[in-house]
Amino acid sequence: MPDEKETGRLEAFSDGVFAIAITLLILEIRVPKPEELHGHLLPALTALWPSYLAFVISFATILVMWVNHHRIFALIRRSDHPFLYWNGFLLMMVTLVPFPTAVLAAYLMHPEEAKVAAGVFAGTYFFIALAFNGLWRHASKNRRLLAHDASAQEVDGITKQYRFGPVLYLVAFAASFFSVGFCVGLCLALAVFFAVRGGAPETA
Amino acid sequence: MPDEKETGRLEAFSDGVFAIAITLLILEIRVPKPEELHGHLLPALTALWPSYLAFVISFATILVMWVNHHRIFALIRRSDHPFLYWNGFLLMMVTLVPFPTAVLAAYLMHPEEAKVAAGVFAGTYFFIALAFNGLWRHASKNRRLLAHDASAQEVDGITKQYRFGPVLYLVAFAASFFSVGFCVGLCLALAVFFAVRGGAPETA
Amino acid sequence: MPDEKETGRLEAFSDGVFAIAITLLILEIRVPKPEELHGHLLPALTALWPSYLAFVISFATILVMWVNHHRIFALIRRSDHPFLYWNGFLLMMVTLVPFPTAVLAAYLMHPEEAKVAAGVFAGTYFFIALAFNGLWRHASKNRRLLAHDASAQEVDGITKQYRFGPVLYLVAFAASFFSVGFCVGLCLALAVFFAVRGGAPETA
Amino acid sequence: MPDEKETGRLEAFSDGVFAIAITLLILEIRVPKPEELHGHLLPALTALWPSYLAFVISFATILVMWVNHHRIFALIRRSDHPFLYWNGFLLMMVTLVPFPTAVLAAYLMHPEEAKVAAGVFAGTYFFIALAFNGLWRHASKNRRLLAHDASAQEVDGITKQYRFGPVLYLVAFAASFFSVGFCVGLCLALAVFFAVRGGAPETA
């Protein structure tokens, strides 16, 4: 039985979605028009800092998601019908990322509304973690879509690592009702964790 | 006579169009600006529900179209000149999807205008079904563009399944003059049918 | 000396640009907002016809350009530095297409301004024809970038066919000062000609 | 030990980002609406020249970056975890390009603000040069990610050529406090240099 890569077109389509989602982010940063400028250009540009922050966070989040997608697809050889829709659900989350990030950036300095914004932000991350879990569990159950030579250690490592994602993002969501700082800090710390661990075995 | 895949670049181009169309949808959901907010953030976010609904329906529709495109291209090996334009017509329909969906979402709660919006919505689906039929019939006539080893059962299955699409969407279009609910419900039910059946043989 | 295809990444990049340019067109068609609607939805939707017309013309133009790009790259095996920039110039023209088309659609019904709009439209087509000529001449000169087995008949056919493009579009541009109808009609007739001839040898 | 190309998906993702960034540029050029037109169409179109200029500069800059990316990836065979993030940082710079260019175009004719705009412009180029250096140094250190047969002359040539990029862009940034013309001229001259040299060895 050959073990050819059958997921070429699925990866190409996914790469397209990741690439577009990550590139559209810049559209949210509007150049201040000369005729609308009150005062000077430099303060007008620095006043856009929440947009820059949202840009960097969204870009980094989508990049980390791409690296993780790349990592798990390196172990996957086949595709089936439910897998296409799990991947579709994950891609929907990818395209959504800019929205909660923009909401957070816009309301971070409004004490009362910031809690709602942080909740929306953490909630989105929760669904992202859920989508990665669903995609991976469907593929790895009985190793049905995996490469024959995928290392068991690597497979188990991903399963363990992804398992606690949704739980921790749920904690972050709950925290948003009390502390915006703790909620957002936990989300970003988890993103850094998945960034650092996301491709670790490949580099080892 | 070799039976190489000659449609690589056509699929790459099509994947690009699908990926972009599905990712642009998020641009329709605007973050409520702090200075325009009357009241609180949470009600302002929930008031955007027609945009969320349009986003989910458009995303799911384009994803189902991609899965079906993926399915029929798995059987196709060659390309000819009219086939490029049939595929182009289908891609035009893909890029159009967000427009009727946005119209429907915007006018769903306006009793009189909702009928027009539902008619536009069903009409677009009718043309999508027509495009899939044209593409498939051109490719499968005398099996001219199909793989030599494409199973006759699978080929006939697709032909049968696609045949009644345009007729049913025409029914949905006619229904829009009487009942918005029946029209939209029929469209979505058909989308679910094509989603479930779209890749079935591959999973079998 | 092997004759491998070395232009894979160049084609992927080009396909990306074509796919995005053709998909962005829909962003130009704005859904009429309920609160801005004077009267009913149906007349508001039909009043958008210049946008629909621009959408269809731009979509068809970019599709025909893609089919021609696909056709000539089927004969090309190698790439060099100037070729990358000729291709880049062609891609710049691809991304430009929506602009003159939108200008034409917006001003078609304004007698005086329509001449300027038609001139801009024909002028863009002139540069498109120039870009295709430059790309093809660079590649086909002494057959330096062509496949060893590219048929001389096919190569000469493309050279002949592309040669008169810029001249005729220059005629269309000159005609814009006298007759908008003749100018636009000539441009569209030429597009249809390149659409029909663009892939002809492949289907033969 | 085989020396297969392992960076296919990384290149596809990068090509997607380059292709989208270069295509989105056209969205910045708005068609003057008939109802907003004071006077005639031709002067209204020519008044958009700063937008056209920004379009051409951004397009050319991203194209030159793509040619350079293409050039160095022709020498690279493997990928590791930090390399994915260096490439991600470079792609972030690619998506950023339209912003400083639009700022420069908008404020070029405002004597005082033009200095700030030129500084932002040169600063972005500085970070682009930094990203190319980081990506290349990570890949070429001990030739860890390079093809076994990559020519030492070519590798050293790129290292030397990229080394002085950040320094010169820093000079351009410093110059922005004194002379807008010198700053922008130096940036464009360097872009032309990287355009001409970027693929030179391949054509030799």
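All chains are identified by letter, namely A, B, C and D, in their written order; residue positions are counted from 1 within each chain.
Convention: contacts are C-beta pairs under 8 Å (C-beta built on N, C-alpha and C of every residue); 3 or more make two chains touch, one makes a residue touch a chain.
Keep in mind that what you see is a predicted model, and the values were worked out from it rather than measured.
Visitor: Are the interface residues of chain C and chain D largely the same numbers on each copy, more than half shared, or largely different?
Guide: Looking at both copies, the contact residues mostly diverge.
Visitor: Through what angle, between 0 and 180°, must chain A be rotated so its C-alpha atoms fit those of chain B, rounded to a multiple of 5?
Guide: 90
Visitor: Mind checking the centre-to-centre distance between chain C and chain D? Centres are C-alpha means, answer in whole Å.
Guide: So the centroids are 26 Å from each other.
Visitor: Nearest whole angstrom, what separates the Cα centre of chain A from the Cα centre of chain C?
Guide: Centre-to-centre distance between chain A and chain C: 37 Å.
Visitor: For chain B, what residues touch not just one other chain but two or more?
Guide: In chain B, the residues touching two or more other chains are 12, 15-16, 19-20, 24, 27.
Visitor: Give the list of chain B residues in touch with chain A in this complex.
Guide: 11-12, 15-16, 18-20, 22-27, 29, 31, 33-34, 37, 40-42, 45, 56, 59, 63, 66-67, 70, 73, 195, 198-200, 202-203
Visitor: Taking the touch rule as given, give the residues of chain A at its contact with chain B in the complex, in rising order.
Guide: It comes out as residues 9-10, 12-17, 19-21, 24, 27, 79-82, 84-85, 88, 91-92, 95-96, 98-99, 102-103, 106-107, 110, 112-113, 116-117, 120.
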